[in-house]
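Both complexes shown next keep chain A, but they swap its partner, so chain B is in the first and chain C is in the second.
Take a look at the complex of A and B:
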């Protein structure tokens, strides 16, 4: 989220695409309802008429996988309305629209020479629309801009006087890009009406900066405040162009001035309470904690890919921060990388990596080049595998052991046959979960060993969680783990000890021993975990009895107390302190900097009292001093407690420092230092994504993705058809998304994944997956809870009444849905150990009445929570789903593939 | 003087997440005996009725209405059912003796509380809670003993329930110090816990835009979009027919078309109900767990 949950209350129009908060994020509806009570409209654009849609002021049905055609049509229509002198848009609104894009209020910029930011008259602080692109679109046309004798800006983008003054302004290139998305074309692609597109476009115009009375949200919609917020979830991301779907929101919201405004922004409704925290921690396979990329180079003599004497410096140079490749003005590369070893020269992300490397690998005293290189070498190099490839490698025997911790891939991953075939071939499968999940019970080869390790639940352990709005909140341990279950922290420490006891950490001790001044340690475990966190298995007794003194602030208490806390409550407190301490004082996670501070001031909003706790994740002050729904002292929002990113000082009371605006938010990434060097090197990069529609490769000059003879590098989002589509005619024109490499296939080339060659005649319906309020993700928690099972005991199939009538199906019939996936067509009895299932997805059909059709004609919706374990069992939707991945993120296209229905 | 309290449901905001149902079950330690069946039962004091999966609202909360002059209280041989000062109709489980004989007044329980309910048969008799081994009458009690002001609390019923009310709210209405489990849980803030006077004033204020409401004791529905039908007097209708019709009744189809169906359904329902009541009583006495 660029904004946050409570900020939704400031909105005057909530546009939901690809999300269903009524059923999947119920708590979100309180904030939407707050906005609606103040006069806001709720618009839902979705292939399925969800319960959210049913509550909305307007519901628009589109075909699965056509969101970009819809948003680009909005963009085109809005631009036309604004430029057309005869349109019904009020003249004042048009003036405000263009004055925003042509903004000349002096933005603050940071010069090559360093020092504080300086205002540069006429450049603007809000919008990049006047910036001039190179003709080939690869980057901005840049120059060395000399403000005065002591302020130079290298690589500063050139600007036109107005958005119309140059054919290559961002605005004009966008206009050119959206030209093919006229109303008729887009309505045909989306399966909606032209009036639907016009309705949403008009709502956009009426609920954006250009129509708003000022930027103070406290006057509310009744007082004339206008802001539109975009909410989305997996309905937008689970497509082969998922990342471009979201980028299309960024284009629209930036153009309409809704970024950095209260009640605006682009807000991902994340699926789990701490999924934001998990990405913060670098759980994605290409990241380490803090959104830093994986190190790739070994400093010397390493065992993998490539070696480079300057590996550490080059890695640091690639992080957001000061270029470290030289000295003096640091604008010229001298190859020494000396500054990479000087903490005073580092930006915040660089300093965080420095601290993290030292803490993770045990040498917190090192400050010279040799020692730092030695421990940097201990970082694993190169990426792991994405979730689809991983299971293919298990089948091939390249991956022999797998630890599944709090996941259930035997339900949640697409094209299940390959997933379970991969799990079957493992030599060792370890599942840590509350219940015997489908993964733990999956069919295994005779020599395979499977362990199920019982873990504690989330209420039996403590720690910080980070919600969608980036707010860190402390979750308390309400009770000790039941029976012989262990908290995740205890299990991790036990694994570390067991690894160390069996020489699993010898590569670390080898490095420590080889240093010129060898480290002093009793064991690797003790150095890395036992000493810092105060517990060693087999030495220190029961983990749950480890104790220390910490702040305690229960939800209902007016003020915090200090007392003795135990077990995970204490150990996670120690870990949080290590992570969230001021990065410049050794904190290891730079985005959480100052989340723990013994100084009780700083990072406050206007009117916010001093912090009452050091561990700000525990802060429970539920007041809103500026009336902007910011609640600034409830928990701690990462990026130094700003609740709305890019806010540029427009929102009353929000943290007012120079990290705020769109013109200077990058400053946070660049440096904490006063002297910022070569800032413009990172300033306003043209954003590139690696995907390309395949039709461009074949037919460049006539493709709608190819305007004016050139394609945009990091192109604007363009419509592509789903990998399996019922509209082959559109696929020929608009293409399907790829990674821009003709040899690279989005789906693995298994013979039983028919993929793009599936004939729509054999599989005439579009399958999309859905969730229900009663069950959660892969289901182990809720399908083992009697109350949830009572409320929703079985899966179902949603079908349009016209399709049902054509097939002779009535509500309540038992039918079978199949797709081209082999595990869908073949009987699953051979690859499941639970209740036998027939092929495909068998469940009873629900057909709507005339007024409550959930899905449109040609669409089938099925929930994916079920499997063959637990109190409630049912067919697995992911036996059917395709594992074509998003070209940028590898998220599978769960929201659109082809299927057919037969009576069971 | 105690305020008469009300649970209010804004029908338009309900999304049938069942958060109220689960929190009620959790706070009162109830079982899960009715997979997929949406009706009030010994283990189910609150339900959100709808036409199962495909229904998208309006969703209506069905639970005891806490009648001003409750017939169930009048007919209990043991005096187990009481109209409390805060408006709640509560059941004292220590007094309830299904089918029992009270020598003090020579009366025998024939489960009159269920059959004489004028609003849909809300007291339900059976083993529905882990708190009791024997079959007892269960119904919504507005979280008797656990919600309200400090003086309303009774440790015999369990821990006091939490609240989301502000300190100023509690000064104005002391009963807001502890909210009923359903109101506290409601994620969409569709429910309110307030005095009857305040709720009626809110519904009646034209500026708030409500076009219809139902309720009289301590349960109220209101909607800005739908004309709400009165809850039926017959438990069979409530349990079996209302779920079927609730979505139709509250959707935008022509309501006149529904009326003849309802009349026919109602007559049929009364007949069927008399037949089924006996069966249900047997099944509940059997106490199949």
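Take a look at the complex of A and C:
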């Protein structure tokens, strides 16, 4: 989220696309309803008439996978209305719209020489709309800009006087790009009416900065405050162009001035309670903690990876914050990168990485180039495999062992036949969970060994969690782990000890021993885990009895105390301090910096009292001093307690931020020029989106992506069809998404795809996956609870009444849903131990009443919570779904594939 | 199902908070706002202490209060009225968290007969932790946690092979799936351990 949960209450219009907060984030509805109580409207655009849609002021149904056609039509229509002197948009609104885009107030930029940002008069601080693009659309047209003798900006983007003063302004190129998305074309793609698009466009105009009385949300919609917020979830991301879907919101919200405003922004309703935190921690194949990429170069010694004597310096140059700007200046731009080792000159992310390298690899006192290079070398180099590829490698025997901690891929991953075939072939499978999950119980080869480790529940272990709005909150250990179960911290520390006892870390100690002044240690475990986290198995007794002194903000007490805490309360506290201490004082996770501080002031909003705790995740002051629904002392929000990112100082009380862009303006345009990196300061980094529709790849100049002979799709969002689509005509025109290498590259060749491997006509219906309020994700933590199971005992299938009538199906009929994926047709008993389902997805049908058509004609919706373990069992939706992954993120296209239905 | 879902009154369901929440949603006009605040239902005399946590389901981060008795048994989990994110409300999932934590089907947590498989009953003879092991599709067998950790370490290292400067300290013959169900510190520790182990092959729920 750019904003946060409570901030939704400031909105005057909530636009929900691809989310269903009524069922999947019910607390979100309370924030939406707070806004509606103040006069806000709720609009839902979704293929399914969800329970959120049932409450909305306006519901618009579109075909699955057509969101960009909708949002680009909004963009085109809004621009036309603003430019048309005869349109019904008030003149003052038009003036405000263009004065925002043509803003000439001083923007803050960061000069080559480093240091704090300096105001550059006349450039504008909000938008890149009047920046000029190169004719080929690859980048901004740039120039050397000299503000004064000590502030040079190499590659500063050229600006036109106004958005229409040059044909190549970002605004004009965007206008050119959206030209094909006229009302009739988009309505045809989306399966909605032209009036639907006009309705949302008018709501957009009426609920954006151009229509607002100022930027203080406390006057509310009744007082004339206007801001539109975008809410989305997996309905927008689970597509082959999921990242572009979200980028289309960024274009709209940046153009309309809703970024950085209370009640505005782009807000992902994330699925699991700590999915933000686990993403922050980089448990992904392309990241390490803090959104830093995997290092790629060895300083020396690499054979299967490349070497570079400046490997560390070059990596640091790629992090947000270069050229180094901590205290101000990258001292020398010399070719040997010596200045990359000067802590005082590092930016936030760089310093965090420096600290993390020391803490992760044991040499916490290294302060010179030789020693840092030696332990930097220990970072695993280059990216791992994405989740889809991993299971294929298990089938091939290239991945031999897998540890699954608190996840259930045997239900949650698409194209399950390949997933469970992969799990089957592993030599070693380790599962840690509360229950015997489908993954733990999956079919295994005769020699495959499986371990299942029982874990503690969320109330039996302390620690911090980070919610969707980036707010860290503390969880108390309310009781000790029950029975034989152990906390995850204890289990992981015992695993680390077992690895060390079996010489699993000898590659690390070899490096320590080889240093000119060898590191002193008793064991690798002690150096990396035992000493910093206070517990060594077999030495320090019961994990739950280790103790230390920490702050305690207990239960619903009004104030904190300090006392002795035990077990995970203490070990988590130590780890939190390691992460969230100021990076300048050794903190390892730059985005959490100052989440722990013995200074009780700083990072406060206007009117916010001094902090009452050092561990700010424990802060439980629930007052709202500025009346902006910021609640700035409840927990701690990264970065530096901003509750609304990029707020540009417009929101009363919040910590002023700058827009992200080249350098400090919101970007309508995504540049792929890596040169921008060298001039990005602080926590800025160039976007690099991969998307290229296959028709662009084939240089199909007649496709609508080519405007003026140039295809901007990828930089500006362009519609592409889902990999499996009922509209072959549109796929021929608009294409399917790729990464720019080859058609169909986002799906494996061994996946059966309707339209590629089998005729699309065999599968005439569009399948989309859904969730319900009573169950959660892959199911173990609700399908074992009798109450939840009683309320929603089995999966179901939602079908339009016209389709049902044509097939002779009535409500309550048992039907099979099948797709082109082989596993949904083949005997599942060969794949899953004891699976009771012989074919496809078998469940009872719910046919909408005339007044309650959950899905449109030609669309089928099924929930994906079920599997064959637990108190409630049922067909797995992911047996059917396609494992085509988004071009940027590899998130699978779970929201749109093709299927057929037959009576069971 | 569309015509048989929560928009229409469900009969015969009246138990406890989250079921009341469903009924409350119906009363609110059938709009599916399964979100309601309830006080603790624990008997006050049994409550030895009240702690706070956050809900283990979605990322709206509703506050939860947890009543425990003198032996550390969880008596009830209910909404935290102080939380600005939820103001004491919980949905059908969050209100059912008590049943998640005290679930009889949890493995290794409770003594006595186990509803899934008696092998998963807590066993007091495993004083320092337990794990379950199976070969092929054989039944689960109990194993001491230290022994299991040792065998797992040996197996993971065998699959990993040698990591060294030549291969960039990165083995791609193993995989680690982490979890959005873990706290930040657990994830941090897990990610550190994976880096120390010598691989970048890690993924988790954020990818799906």
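Structure notes:
Throughout what follows, the second predicted complex is superposed on the first by the 834 of 904 C-alpha atoms of A that agree within 3 Å, B and C clash if a C-alpha of one lies under 4 Å from a C-alpha of the other, contacts with A are read in each partner's own complex, and residues count from 1 in each chain.
We adopt the following convention: a contact is a pair of C-beta atoms (placed from the backbone, for glycine too) under 8 Å apart; a residue touches a chain by one contact, two chains touch by 3 or more.
Bear in mind that the values here come from a model prediction, so they are computed numbers and not experimental data.
Once the two complexes are overlaid on the shared chain, A:26 sits against chain B and chain C alike. Legend: residue contacts after superposition of the two complexes on their common chain; A:51 is shown touching both chain B and chain C. Considering which of chain B and chain C touches more of chain A, the answer is C. Legend: residue contacts after superposition of the two complexes on their common chain; A:379 is shown touching chain C, with no touch to chain B.
Judged by the touch definition given at the top, the superposed model places A:498 against chain C, while chain B stays out of reach. In the superposition on chain A, contact of A:738 is made with neither chain B nor chain C. In the superposed pair of complexes, A:619 makes contact with neither chain B nor chain C. Shared-chain residue A:846: touches chain B and chain C both.
Once the two complexes are laid over each other on the shared chain, residue contacts for A:793 go to chain B alone; chain C is not touched. Comparing the two interfaces of chain A, the one with chain B and the one with chain C have residues 22-23, 26-27, 29-30, 33, 51-52, 54-55, 556, 773-774, 786-788, 790-791, 796, 798, 811, 846-849, 852, 854 in common. Of all residues in chain B, only 12-13, 15-19, 21-22, 25-26, 31-36, 52-57, 162, 187-190, 247-248, 251-253 touch chain A in the complex they form. Contacts from chain A toward chain B in the complex involve residues 22-23, 26-27, 29-30, 33-34, 49-55, 556, 773-774, 786-794, 796, 798, 811, 846-852, 854.
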